[in-house]
Amino acid sequence: MDNKYSDDILGRARVKDNDELKAYYKELEGLGAGALWTVANDIEPWEPRTSSIPMLWKYEDLRELVLRSSELVSPEEAGRRVVYLVNDKRRDVSAAVGWLYTGLQVTRPGESTSAHKHKASALRFIMEGEGGYTVVDGNKVTFEVNDFVITPNSTWHEHGVAKDGKTCIWQDGLDIPLVNALEANDYAVYDGKQPTDVPTNYLPDSFGSAAGLMPAYENWDKPYSPIFKYRWKDVYPALKEAAKFGKASPYDGVLMHYRNPCTGGHVMQTMGASMQMLRPGEHTKAHQHTGSFVYQCAKGNGYSVINGTRFDWKERDIFCVPSWAVHEHVNLSDTEDACLFSFNDLPTIENLGLYQERPHEKDHQDIIA
Amino acid sequence: MDNKYSDDILGRARVKDNDELKAYYKELEGLGAGALWTVANDIEPWEPRTSSIPMLWKYEDLRELVLRSSELVSPEEAGRRVVYLVNDKRRDVSAAVGWLYTGLQVTRPGESTSAHKHKASALRFIMEGEGGYTVVDGNKVTFEVNDFVITPNSTWHEHGVAKDGKTCIWQDGLDIPLVNALEANDYAVYDGKQPTDVPTNYLPDSFGSAAGLMPAYENWDKPYSPIFKYRWKDVYPALKEAAKFGKASPYDGVLMHYRNPCTGGHVMQTMGASMQMLRPGEHTKAHQHTGSFVYQCAKGNGYSVINGTRFDWKERDIFCVPSWAVHEHVNLSDTEDACLFSFNDLPTIENLGLYQERPHEKDHQDIIA
Amino acid sequence: MDNKYSDDILGRARVKDNDELKAYYKELEGLGAGALWTVANDIEPWEPRTSSIPMLWKYEDLRELVLRSSELVSPEEAGRRVVYLVNDKRRDVSAAVGWLYTGLQVTRPGESTSAHKHKASALRFIMEGEGGYTVVDGNKVTFEVNDFVITPNSTWHEHGVAKDGKTCIWQDGLDIPLVNALEANDYAVYDGKQPTDVPTNYLPDSFGSAAGLMPAYENWDKPYSPIFKYRWKDVYPALKEAAKFGKASPYDGVLMHYRNPCTGGHVMQTMGASMQMLRPGEHTKAHQHTGSFVYQCAKGNGYSVINGTRFDWKERDIFCVPSWAVHEHVNLSDTEDACLFSFNDLPTIENLGLYQERPHEKDHQDIIA
Amino acid sequence: MDNKYSDDILGRARVKDNDELKAYYKELEGLGAGALWTVANDIEPWEPRTSSIPMLWKYEDLRELVLRSSELVSPEEAGRRVVYLVNDKRRDVSAAVGWLYTGLQVTRPGESTSAHKHKASALRFIMEGEGGYTVVDGNKVTFEVNDFVITPNSTWHEHGVAKDGKTCIWQDGLDIPLVNALEANDYAVYDGKQPTDVPTNYLPDSFGSAAGLMPAYENWDKPYSPIFKYRWKDVYPALKEAAKFGKASPYDGVLMHYRNPCTGGHVMQTMGASMQMLRPGEHTKAHQHTGSFVYQCAKGNGYSVINGTRFDWKERDIFCVPSWAVHEHVNLSDTEDACLFSFNDLPTIENLGLYQERPHEKDHQDIIA
């Protein structure tokens, strides 16, 4: 990936082919084997290497197509009406970046899906509409634009929009490609609708209260957050409040992680999510790190430079930053803040001891495209 | 403690004294020893046994005396002007109940204390006044009535009231008796005032936001909560919200623990704290458990029955429930909720594997006093 | 994968193609998007689905080829002289099964490699020879046949054989394919040989002692086991001892995990390892679970039935069990025990919440090949 | 405790009595209250303060008395025949030091006790005899001299000696004083003998094997070690082995903690234990730390200097080091190692954030007694 590293040094494979070796390789191949030195330099790269490319999907291009899907197919036929976004280099695994899937789902007033579950984890970020809801293991959660909702692995879940609501579009994020790659995915269909004995929004509201309170009469022992919904109407003021203090990440501005209040960790075992505020005029420094990220602009407009290419975004646009890609973000407004929602595979990367980061050699990249 | 247990059974010490044994005991005593069976039944009680008694301290009795302390002694002479509350059976260790100390501290506008630290942990619950603040390891935290503030073990801390504030009274809670009993307390005086480079209220506000956000640009690795202040203006609405769902503890109503958002656990390693709402007309069931508790009524009025004695309380009154005491709480209003703040040694009891609880045989106790 | 599951039910995608849809798909494709229902059933399988096949590599076939590599190439040219074993369906990622790499490395007396490190984790299981050693972050560890050795992620490591030793062959296990897939691998070459200030075998011997002792004068804060070597001369007697008690897994006999004594967990963050004893005549029950496994027979002979195919193994043979493959093991001797070493990606699977297992419908599979 | 700290400085209470204040104090006392400044300096000591004194109990003095107890009283009458050792300053709580109880228990061949349990935790260190055993929650564990055995809190336990054994004496260690102080102790008598369905020594042997193995077919979820017995025949060689490496604590020589292999932590939640080897001629440096310790010499002879007093010990002698006492150890033999068993309340002290240590100002103390 980089010409500062040479493979012609001690410690790298530097065997030259000859006829004897070729015969030897042939023999190995017949036994389901090979010589490591023929592949070593390739499978042991100097630095993290991604097979994804940075991409941006404009909502103005996609919105009409998403809505049309609700006319072309029924929820009963399609399961879910979703337009998924696919990385040009990850079509084989239906991923938007790395091992992360994302798609735009549309549901019309009065519609609801049947419930299912899978080992893959899922999350949603609400883009437009009114009256939408999700039922997660019997807990009904209503949501509004810019709310963030989780349906963790192996929870029964179904979605719908109230009859008097307005057509909802939300972004789905799943780790289906990862869980498939790890050969562990499964799927089950719920027989009918889930009963909802628990009051609507009980879990998010009882565990997600301001001021760090937790109900003493609940024992939460699941490996994911009991706050199934993180409300924009709480999130945005919290970012504004934090921004006032003047502290922030040089690379990400006022970046806050959605967290599991029972552990302080990520909301789910394989995927995390964040909301970040770029203050008026803010231009963050460039850096790179492992982990794959899918962003959606929740507010404002600006651009990101990813591996030297500039991607301009405004509200509802979606873009991705592959692992180890150098990136920086810019808020184009000098008066308004800009907010970027993102989800990622950081819990996976961190749990497995694979996280690393590095500042770029300069504060800002040269734009080459 | 209880006549349902007999010591005259196999498995209990039932040795009768005789002259030979008396001589033997004498011989042992001379060697710094004794016969276990002479003390076994006493040191191995059938059930948890407290040396504290339930007590209630009326604020209307104490308030004037607390204020008077600010005239009688200066902060420079007294260190802190505090009237401490002492259990009739724990005068030897200056404890209000079990190994917990509590006192009422007064600070007048423009006054401030010097900073100190100790291995004991401390917390405050604000009772009256305006413009009060605490500085904890360089973090200045302002507070208002019914706010809950922590100054964890070995943090530098000092308090004051702004010149344009109003005389503040707050309840201090410390585990000084416990840490002394564990022979681990220490004390140090800060040379001068702490510098406060961090913006006022930065820590509580950046970690304690609604909606479960945590700043990605902070690494909190201390064994206590980064939310140094839990604001009543967030806490009370959260309790109201939770109460709407109709879920609650049969023994404690809508009981919420203040928690460390980084672990989901108690706010400090040795002491925890809670706020509970008794809904209009609520009369909780009686139960008993290990752990010592100091309560302050933050709102409303009612009474608690503790080991058969009724203790009536109203706003600002303080009372205690000793370990294993049977207790139940009553809100005397049919229209207004009542709120009880409490702090406890549950982290200690739980960490050491010593927690147990038991419902009382009947829903409510007979009142005997 | 299974005909008990039908995709023609509510909750699965059942959209039929038509011209309008085809045009729609085309339009989506142009925007880096697609319709989820065209891929949903494929990417959401009913049960875990592997792309690996069960395979067995006979040592008698490979040994001569491994030795020959030490004549064909030098350590300086090759980095390491390793014949790697590759799954017929995983050639693209150089994996033996799933995302696990394995190879047979040969080192002759007096040879040593240069040190390197990578984000991928590595382990070794010693097959033959004398005088072999590894240096891990400055800790020199000597090893003997059937010893198990770890070189965790990002530790500097190098190997060698003493001048008066005998040619060593060992099995390497690495998660290179996994860490590459997660786009997080890296590589660095140590400048020269590592200094070894620590006494040889200090770490394994001081932390791995019998009787559960741990040195009070060491603070181990790494995320992997301080026992870098698990000695066969301790392991085999421990298995014999455990076997005497008569307790065992119905699916795996006397299966013991190598563990990190500081956590009770797996030896490394991404890969675990086990040794299991099949008692004389033992035929375990068939089951299936997620996670990929590479086995080496350390002692005895027998066979395993994997997805209906019988694989016969004897000492030093290597075979793999892919994720979710039904498998059972048989010791063919009625008088001697058989021991299987294995390594796996269980820490990855478990950490991410992806482990599940299921007994086979019958105790033993029908052998179909 | 120390005249380097003055209470006549800002930050300490320095209020002088006068008549007005005396009247004020009287008034407070009538309300169950007091003025903090009258007790503050006392309850907030500059450094950890113990109420125990260092003591040594010679086995040659005690042994005959312990044996005599088995003639004077029966197990049925006494529960257990134990001579307990009591600190001159802790007679009120029957503690040997701090909140730790210790005693010498005698059991004759063929005798056995009834089973009981309590919230207090217990441990044993075997001093003499043959054929002794303990049954812990149905797990029978046999033991020999210098073995270390645990019976954690709330486990049913009973002891005995086989008919063909020899009279056993062992040291009991319990945290009864601590658990009483925390007002959490309880007691229950088992109805008859416990059934022992599990093979004798199954748990210690299956979890405590050399080489860091753990049975995959056991799930241990208790908060204490599954290794109920730590065998001297494993422990002593491990210490010898460790000593060979030349690494050790300057204050404690080759000090090893008995540990819970499932967590790496102490064997129980409230009490820990260690074995330490003083190498021939070793004289450790002096230091002080919080936590209370009871030692027994398991092998050899030497002395310890505790707060300036020299205590000479030989095999089976018992002595204590109170919290924060300055101490150092000396092996008087230049050819043989000396081994000290000890148990402590470190888990309590550490869990509550109360551990601190400090080197003495000089390597060795001046001996003043």
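Order of writing sets the chain letters: A, B, C and D. Residues in each chain are counted from 1.
The criterion applied here is as follows: contacts are C-beta pairs under 8 Å (C-beta built on N, C-alpha and C of every residue); 3 or more make two chains touch, one makes a residue touch a chain.
Listed by chain with UniProt protein names: A, B, C, D = Cupin domain-containing protein.
Please read these numbers as outputs of a predicted model, since none were measured by experiment.
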Subject >> Contact distance in steps, from chain B to chain C >> reply: 2
Original post:
Based on CA centres, what chain would you say lies at the far end from chain B?
Top reply: C
**OP:** Report, in whole Å, the distance between the mean C-alpha point of chain A and the mean C-alpha point of chain B.
**Re:** 43
**OP:** Report, in whole Å, the distance between the mean C-alpha point of chain A and the mean C-alpha point of chain D.
**Re:** 52
**OP:** Could you give the separation in Å between the centres of chain A and chain C, each centre being the mean of its C-alpha atoms?
**Re:** 30
Original post:
Which chain B residues reach two or more other chains?
Top reply: none
Original post:
Which pairs of chains touch each other?
Top reply: A-B, A-C, B-D, C-D
**OP:** Give every residue of chain B touching chain D within the complex, in rising order.
**Re:** 9-15, 20-21, 24, 27-28, 31-37, 39-40, 43-52, 55, 57, 61-62, 65, 68-69, 72-73, 76-88, 93-94, 98-99, 101, 103, 114, 116, 118-120, 153-154, 176-177, 179-190, 223, 269-270, 290, 292, 322-324, 345, 347-349, 351-356
**OP:** Flag every residue of chain A that touches chain B in the complex, lowest number first.
**Re:** 199, 202, 205-218, 225, 227, 230-231, 234-235, 237-239, 241-242, 245-249, 252, 254-264, 274-276
